[in-house]
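So, here's a batch of structures to check.
Shared between the two complexes below is chain A, which pairs with chain B and chain C, respectively.
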Partner chain A sequence: MIQKWFSRDIMYLMADIVVNVLIAFLFGSILLGLHRKVMARIQLRPGPPIIQHFLHSLKFFFKETSFPKTAAMPFYVAIVVILCAIWVTAVIVGPVSQGSLLIIFGVYALYKIVEHNSGSSSGSPYGKMSCVRAVFSAAAELPLFAVIAIVYLKTGTMNIAEIIAYQSVHGALIFSVPLATIVFFVLILSKSPYSPFAITKGKDLVSGYETEHFGFLRGFLMLSESMSWYVILWVFLTIFLAPLSLVGYLVGMIVITAITAIINAVTPIFNPNHSIMTQISIAIVGIGGSLLLMLIA
Partner chain B sequence: MNKLNFYSYLFLIISTIMLLYGLIFNPNDWIVYTIAIIFIPLFILSLGFITMAKPKKEDEEERVQEPFIGF
Partner chain C sequence: MDITTLGGSLLGTIPLGDIVLYLTPFHLFMFGSILIFTVIIAISRTETQVEAIFGGMKEKKVSVDLSEFKARRFLAIVCGVATAGAMITGDLFNFILFVALIGIVNIGIVSAVKQISVLDAAFHYGLIAMMSSLPLFGGGAMILASTGTLSLFAISQIPHTSLMLLFATIMFGIGVAGETGIAPFFATKAEMFRTPGSPFILIIHLSSLFIIIRTIEIILLIVA
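== the complex of A and B ==
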């Protein structure tokens, strides 16, 4: 675990947070670059270099930026700051302090609100359509809450540090609640780029709620998305496969990124109805099955 | 220096001071969390406003026109 390497005995809490936020951004953006690379190779394209996502995030900070007349200022800019703030919060609750899973759920609920408001504040019809879909796809966040409930029923706690301690005694949760693991994996899949479930950013909407955020605002959004990808993988590995070493996290994140890239490369995007219904169906089967397995065992 | 640049530098300085305060003086955890959640995004935002390229004066109007007005 990263915080063990940057122990509180050596550095202050603020340094711990800054270092973890930087790691989340750097490693998250490299993973997203790897995601594009794997997708390209599956589709028989050379694809961009793995560091391309990272370079783009920085490059956009120097691009010409202006604010559309139809944008609802200052909300149009503020929403980008809020997106970064919620992922800094997630880094604090996850890798830094190993706090409550409920706050992580709260972060995902807020993320939906950000998607919604980012689309509506731009004034573009593409953004507005994406904003409507963000409300629609909020139903797909319910499986996350259900997974947290299953983990609570199994371990008796929602605290990440205590869940790690539980797993070091009883073994990884992936073996005792495998169906809940699959449901969480589908959630990761829905958050990955070019996902079959990514209806808010479907190419029929150009770039969805991000369409009108260009220049440095796009770079800022990409920076937050890198952190978000790192955090969701960290949470998955910590809840279901802990305790892991630094190398374990590294390998786990790379493997999950590659698997999602392979799935996304060969799967077309669903229409909104099918996307939600598929996710909800998998969640119902997964959660119902998990409860049944727990009753039998 | 225009208004946007002035406020960008102001917020950059404020957020840098707050982050350094957290780094050097190690206040209570809740203060550090508050500083990190508010001032890390604010630091990046103000940096972005400073580093971004601005449109030329003659192109300014054209850049902010929305092609979709009227939908």
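== the complex of A and C ==
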């Protein structure tokens, strides 16, 4: 009997994971398609259909794959598969189990490393330059950990389910730690396509770390992009605006995607030094201000 | 602060005297991830960088020679194992020792490269790492003096944070930042990333970021 219930629980959990990963991929793809559409309309272009990113992702899985002679094998192949696996882990820790926020940030750290090393592993100078820029940009993302510490100091927990419970009693954190919310939003902006902070994928580097990945390897990269966009938006909405209904999440994700698209459409890509200093300056003001507000309150 | 509020539910403990090793989903994830990467690095060869020659149509290929490859791979594996150890240890002194070891092997991974600019970067990183060992070990010693234990499990049960403990934690944080070469010290490390040897570069950066995440957990355990 126990074994039967146990196996049923495992089956439910597996189904939950599969459904959530599929939602993350499909909805993330659509959101990235919407992002391109909004940018195009602002720039007075018709733009591609909203499902274009989704179609591209599928297309690459059926294209011929070639491997550069200069690549670090099997590292070059393993790294993109791992990139995909870590975002599946993020979906499990986030939307499925609502576990520890620290694991999500462990995932984010891995994502940063995998992202830039997928560039350097090919031997291409464009990938290598993207890798070097990613190392610099990681310095600008360290304040992200400070945002998590602020959320922890405010709520007393790192557990996502408990953070949601805290907000249902005390109100959304966006009102109590607004500056930390802005710092997190800047991080989302930096991760959005064609962002002013997207120095690792600047057009002077062709496609940055993705330049030398073809066929199913590019498919894995695009799959990961879709899931990462979905998860980052989910984490933002859950940490700062919870509790939200399904419609709330849907509207929230669409609105944030549209806002980032508008900003990106009217802003050029910064040079690496300006990009990092802008992010660090916003982070210092945001984190210092948040701590000050918490001390006063 | 309760360990489970940071890393998730407690999966198990190993009591060794007053040092209690503990495992949560957070530690398990970090430990598993670093081991997977260490294995991939151990079995991978390095890439060959293709560089254009200025003023002509030819190109130059820069690769890692065999003796350099062997030395850097060995150090990368040691770095991976040390980081894995730092992810699951429940003892602050062991954690500090692992961090010091990671700093040393990171310098070794880079100083095996025979390029002046890279050796220069390794030299500067070495200076920062050496200087940072004082606040790192000093911070650990002060935490021991303030609390009477180095067990993270026991430290997390202490209800009040004294000023001395707060100061010791700041020293400990500065020591880790310098030893792993993160901001504001990262400029000394950036030059290292231009060299060939992508798998080894990965372990340098991976160990730094994972140590920082674990350090945040430890600092929150001590002061929150």
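Here is the rule we use: the second predicted complex is superposed on the first by the 286 of 297 C-alpha atoms of A that agree within 3 Å, B and C clash if a C-alpha of one lies under 4 Å from a C-alpha of the other, contacts with A are read in each partner's own complex, and residues count from 1 in each chain.
Keep this in mind: contacts are C-beta pairs under 8 Å (C-beta built on N, C-alpha and C of every residue); 3 or more make two chains touch, one makes a residue touch a chain.
Predicted model only: the values in this text are computed from it and were never measured.
A.B. asks: Does chain B (first) or chain C (second) touch A:L26, or do both, or does neither?
C.D. replies: Neither: A:L26 stays clear of chain B and chain C.
A.B. asks: I'd like to know which partner A:I254 touches here: chain B for first, chain C for second, both or neither.
C.D. replies: neither
A.B. asks: Would you check which partner chain A:E64 touches, where first means chain B only, second means chain C only, and both and neither mean what they say?
C.D. replies: A:E64 contacts chain B only, not chain C.
A.B. asks: Name the contact category of A:I51: first (chain B only), second (chain C only), both, or neither.
C.D. replies: In the superposed model, A:I51 contacts neither chain B nor chain C.
A.B. asks: Looking at A:F105, would you say it contacts chain B, chain C, both, or neither? Reply first, second, both or neither.
C.D. replies: In the superposition, A:F105 contacts chain C only.
A.B. asks: With the two structures laid over each other on chain A, which partner does A:N117 touch: chain B (first), chain C (second), both, or neither?
C.D. replies: So A:N117 only meets chain C here.
A.B. asks: After lining up the shared chain so the two structures overlap, which partner does A:M294 touch, if you call chain B first and chain C second: first, second, both or neither?
C.D. replies: neither
A.B. asks: Which partner chains sit in contact with A:N159 here, chain B, chain C, both or neither? Use first/second/both/neither.
C.D. replies: Second partner only.
A.B. asks: Looking only at chain A, is it chain B or chain C that touches more of its residues?
C.D. replies: Comparing chain B with chain C, the partner touching more chain A residues is C.
A.B. asks: If you stack the two complexes on chain A, which partner ends up touching A:V80: first (chain B), second (chain C), both, or neither?
C.D. replies: Touch partner of A:V80: chain B, not chain C.
A.B. asks: Touching chain B in one complex and chain C in the other: list those residues of chain A.
C.D. replies: Of chain A, residues 69-70, 82, 89, 123-125 contact chain B in one complex and chain C in the other.
A.B. asks: What does chain A use to touch chain C in their complex?
C.D. replies: Residue list for chain A touching chain C: 69-76, 78-79, 82, 86, 89, 93, 99-100, 102-103, 105-107, 109-110, 112-113, 116-117, 120-125, 128, 131-132, 135-136, 138-139, 142, 145, 148-149, 152-153, 156-159, 162.
A.B. asks: Which residues, counting only chain C, touch chain A once they are in their complex?
C.D. replies: Those in contact with chain A are residues 5-8, 24-26, 29-30, 33, 36-37, 40-41, 43-52, 61, 182-183, 186, 189-190, 193-194, 196, 198-199, 201-202, 205-206, 209-210, 212-213, 216-217, 220, 224.
A.B. asks: Hey, which residues of chain B end up touching chain A in the complex?
C.D. replies: By the definition above, chain B touches chain A via 19, 22-23, 26, 29, 32-33, 35-38, 40-42, 44-45, 47-49, 51-55, 60, 63-66, 68-69, 71.
A.B. asks: Which positions of chain A touch chain B when the two form their complex?
C.D. replies: Contacts found on chain A: 12-15, 17-18, 21, 61-70, 77, 80-82, 84-85, 88-89, 92, 123-125, 215-217, 219-220, 223.
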